[in-house]
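Shared between the two complexes below is subunit A, which has subunit B as its partner in the first and subunit C in the second.
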Partner chain A sequence: MWLNRLPFVWKQMNVQFQMRAMQWFSFGLIVTQPVIFSAVGYFLARAAGRTQIDLIHTIIGSGVMGLWSTLLFTSFYDLRADRREGTLELLVGSLTSIFSILAIRTFANVLLGSLSFLLSLIVAFLVFGFSPPISNLLYILVSLAVLFFCFWCIGLFLAHSPVVSRLSGLFVNYLELPIGLLTGFMFPISLLPGWAQGLAAFTPMVWAFNGLSASFQPGADPASLWKNWLTALGIACIYLIATFFMSKRVQDMIRVTGELSSV
Partner chain B sequence: MIQKIRGDLRLYLASAWYSYRALYAWQTFGPYISGKVVFPIAQMLFFFFLGKLAGTHDPLYIVLGNILLLPAINGIAGVSMTISGERDFSTLPYLIASPAPRGPLFLGRSLVHILDGLLSTIVAFILGVLFFHIDLTHSNLALTVLCILLLSVTSCGMGLVFGSLSLRSRDAWTITSMFFILLYMLSGVNFPVSVLPKFLQVISYSLPLTRGIQAARLAMNGADWSGIQSLFMGEMLIGLAYIVIGYLMFIWFEKLSLVDGQIEAM
Partner chain C sequence: MPDNTEIAVKVEHLHKVFQSIQGFWVQKRHPVTAVEDISFSIGRGELFGVVGPNGAGKTTTVKMLSTLLLPTSGTASIFGLDILKDTNQIRSRIGFTLGGNKGLYSRLSGLDNLKYFAELYKMEPDAINRRVKELLEVVGLTGREKDRVETYSSGMQQRLHLARALLHDPQLIFLDEPTVGIDPIGAREIRQLVREMVRRGKTILLTSHYMYEVEELCDRIAVVDHGRIIALDTPAALKAKSSGDCVIVIQTPNGGQTLNGKLESLRPYLSLVHSSGETLSLHTRTPSKVLNELAPLLEQNVITNIEVRNATLEDVYVNIIKNNVA
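After this line comes the complex of A and B, so read on.
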């Protein structure tokens, strides 16, 4: 059953990479933006008279921020591009559910955005001499898997919003920095006021990134890591289940009412 | 002569009106004003906390810098989008084929963005006073407003440069977006330009905004005209140079596109 789906998965990912990866826009999100955000953090530290910077937030955090920006804009604009090019009707009309198509596209987008994370890690290693304890390798890998899963769930949720209404575009453009702010990729969320920290707890990436930064530290506490991983996975699964039901409901609704592209 | 000026002025205002109708008339108050509030506050807070992590001594420097960048973002994005937007909606060839003078036609479309940028700045200042307790009691308000107005206009030159690229490349908007992000580092918004390495300082001072933002900061600290004169005039000259360069680029790309038939080809 699953093996039969592999050609579909492969073709969707192939098209997605060709459509998204080979673009200056993607390059900007994956490379330029994280480099500049890191540079701003670096120069701010220099302006404050510091010689050392917080590598996890300033360098690696900017890579995760790059992943978030890439995911936000690619996943959201996927269906918007279909809508503009007139292929949305074909997708909705096809036997394969919108959820399956977007799930694979979003997975490809996460892989694309993860390049940003990878680059930031390379810079941290080569330029700033970052060296996490090798004994934590398993923790780091699990934390990364949890982080990418959380991004996938949120990306899938975002990818569905243009089906519901074209007005969602007005809001998505404003999501990048507020979510970047709440998730504390580039600074610890302990700096935020209490109410903002409470709000941040509802985003799975906060817990996942907490787990990742803890696993980069020597003497990481496994109990704390498990708490972060499980909370992140739990919240991400809530988003995933909500998206699944929303997708089904919207797809059924627009087929019955014929309102696709009218809102 | 007078008739030509009147004709250009009419075209300038008509372009501004159509630009308003196309971009804003369909907007509803809620989403429009939420955009005006959410983006500036998120931008201010993001760099504010980045500064806090870095141990910055004066977080208000960052807040004010990001407020001063808002009219410039509108100026650059607005003018650039004016041209790339025509391309997206497939109306660019009609405009190019029309005999209307290019200056008032495209610059008129930027008027709405200049006004919108000023509105963004006012909203951001109100938010800054409410959330960050910015103290404007000692500022030279008239000069501050003048500097903000100057920033709105000089940034249009940069928008014209990037917008001209739309005639030859569909990636012009991407380049403009990346340039915005570069401004967070190069224009002295988040930290003084003197912190940058020498070669980046040279680039910074060859851009519009750097001097204008410095002048606005001084005016907000109560400086009088003599205190900001050199920065103000420098900003004006750089801005003018970019407007001329952008206009010449537009004319050159237009000619090139007509000769080789490559308009919208890439």
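After this line comes the complex of A and C, so read on.
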């Protein structure tokens, strides 16, 4: 069943890459931004007198910010582009659910974002001479998989919002920086007010980021890693399930309001 | 009215109300009726036309029937399937184009567009390749299929729209203004394709602004205005209702302002006066009487030209819409 749908998955990703990735806006988003994040993170950490081990958190954090920015903007704007180009009605009117379409698109967006993540690390390595200690590759790979899954779930949740309203894209800019703060990329979460720490606790990427950051540390505690991974996966799954049920409601809602078309 | 067993589309008292927003600081919602109590049916294999001015409710009707919009009240069925309950079954049996140059991925090739939409309709890979090749041939895009859609002319894009709508071999096709913005040759090619679809047994609902188009193509025509059907019949029957009607087209240098008094005295003999720039169209069943009155004005150069012709479907349409407004 799933194997039969593989050509569709590939075709959908191909459309996504050709339509959204291969343009100057995306180039700036995927390539330029991680360089800036990496540099800012590195200089801030140096100015704070952090050691090489502490820098892992900062450098990985800048990579996560690159991934988040790419995912946020691509997820929001590609459906807005569909509405503008008049293809959103065709997608909704087809036999494939909007949830399936967005699931594949968001996966493609996470892949694009992972390029941004990788570039952050490369910049940190080539420009600032930062080389992360890799003591347990398996931990790092599992942490990366958890991180990407969390981003996919959140991206899918966010990707539905442009279907609901033409105005949703206005809020995209307000969502970019808070995640940087909540992940503790620039300064420790403990410095944030209580409500913000509570918000961070219900953000799966924060746990996944902590897990990834910890997995680079020599002598990482497996129990702590498992706690971060499982909490991240648990919260991400809550978002995924909520999105699945929301998707059907969204489709019915837009058929009432007529928010599908570009005018 | 088609026989019950042969009905492809049955619409009963369909109603659609949107909520419009007024105001900036204090926003108020108020209902706007787009479609009001529309009822009609379309027989299998029939080419049914819907005409009407902008904002009459044509596109909203098409979108409700193609399951993109939910009606506020009323019912409609496609091949006996309810548009509210049997959405996916209906979608597998209908195709639609929504007019204009939108609705295609402009940075992809025509071929990639068709293959992508075929995947969305869950077609098998072998069937996709075969069908796409066949349709490219039918719509005359073979040879240009690997070019980006953004390099296509409007006519080519419309033909690609048609190919896309036909991918999963639907039995019913909704064509919303398929020739809008296309040059006469491109429009003629589109009409030829529409005829070919009907010849292959497809049922078609076509909306258009062009009367000659619906007259040439459609078996029956519904005239829609302000969300309601105000006339529904075959083109011949609609014209017959105005049989004996003549249209006297006169050219006046000042748009007929100096004719106001004369037109007032002729009012009992005129069913409609339609003004467009320096041209006045007078609909009448007693052309000789009207011409007798107007002829002296030709000598005085108040009128520069007079032309008399039988009423066309477009005249009938203008008559129906104007009388509806009145």
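The rule we apply is simple: the second predicted complex is superposed on the first by the 217 of 263 C-alpha atoms of A that agree within 3 Å, B and C clash if a C-alpha of one lies under 4 Å from a C-alpha of the other, contacts with A are read in each partner's own complex, and residues count from 1 in each chain.
By our rule, contacts are C-beta pairs under 8 Å (C-beta built on N, C-alpha and C of every residue); 3 or more make two chains touch, one makes a residue touch a chain.
From a predicted model like this one, the values you see are computed outputs, not experimental measurements.
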{"item": "Of subunit C and subunit B, partner touching more subunit A residues", "value": "B"}
{"item": "First (subunit B), second (subunit C), both or neither touched by A:Val256", "value": "second"}
{"item": "A:Leu191 touches, of subunit B and subunit C: first, second, both or neither?", "value": "first"}
{"item": "Touched partner set for A:Leu177, first subunit B, second subunit C, both or neither", "value": "first"}
{"item": "Touching partner for A:Gln18 - first (subunit B), second (subunit C), both, neither", "value": "second"}
{"item": "First, second, both or neither for A:Ala39, with subunit B first and subunit C second", "value": "first"}
{"item": "Residue numbers on subunit A that touch subunit C, as the complex places them", "value": "7-8, 11-12, 14-15, 18-19, 22, 85-87, 89-96, 101, 252, 255-258, 260-262"}
{"item": "Complex contacts: residues of subunit A adjacent to subunit B", "value": "23-25, 28, 32-33, 36-37, 39-41, 43-50, 53-54, 57-58, 167, 170-171, 173-174, 177-178, 180-181, 186-188, 191-192"}
{"item": "In the complex with subunit A, residue positions of subunit B that touch it", "value": "31, 34-35, 38-39, 42-43, 45-47, 49-57, 62, 171, 174-175, 177-178, 181-182, 184-185, 190-192, 195-196"}
{"item": "Subunit C - residues contacting subunit A, complex", "value": "18-19, 60, 63, 66-70, 88, 91-92, 96, 98, 100, 102-108, 112, 115-117, 119-122, 125, 164, 168"}
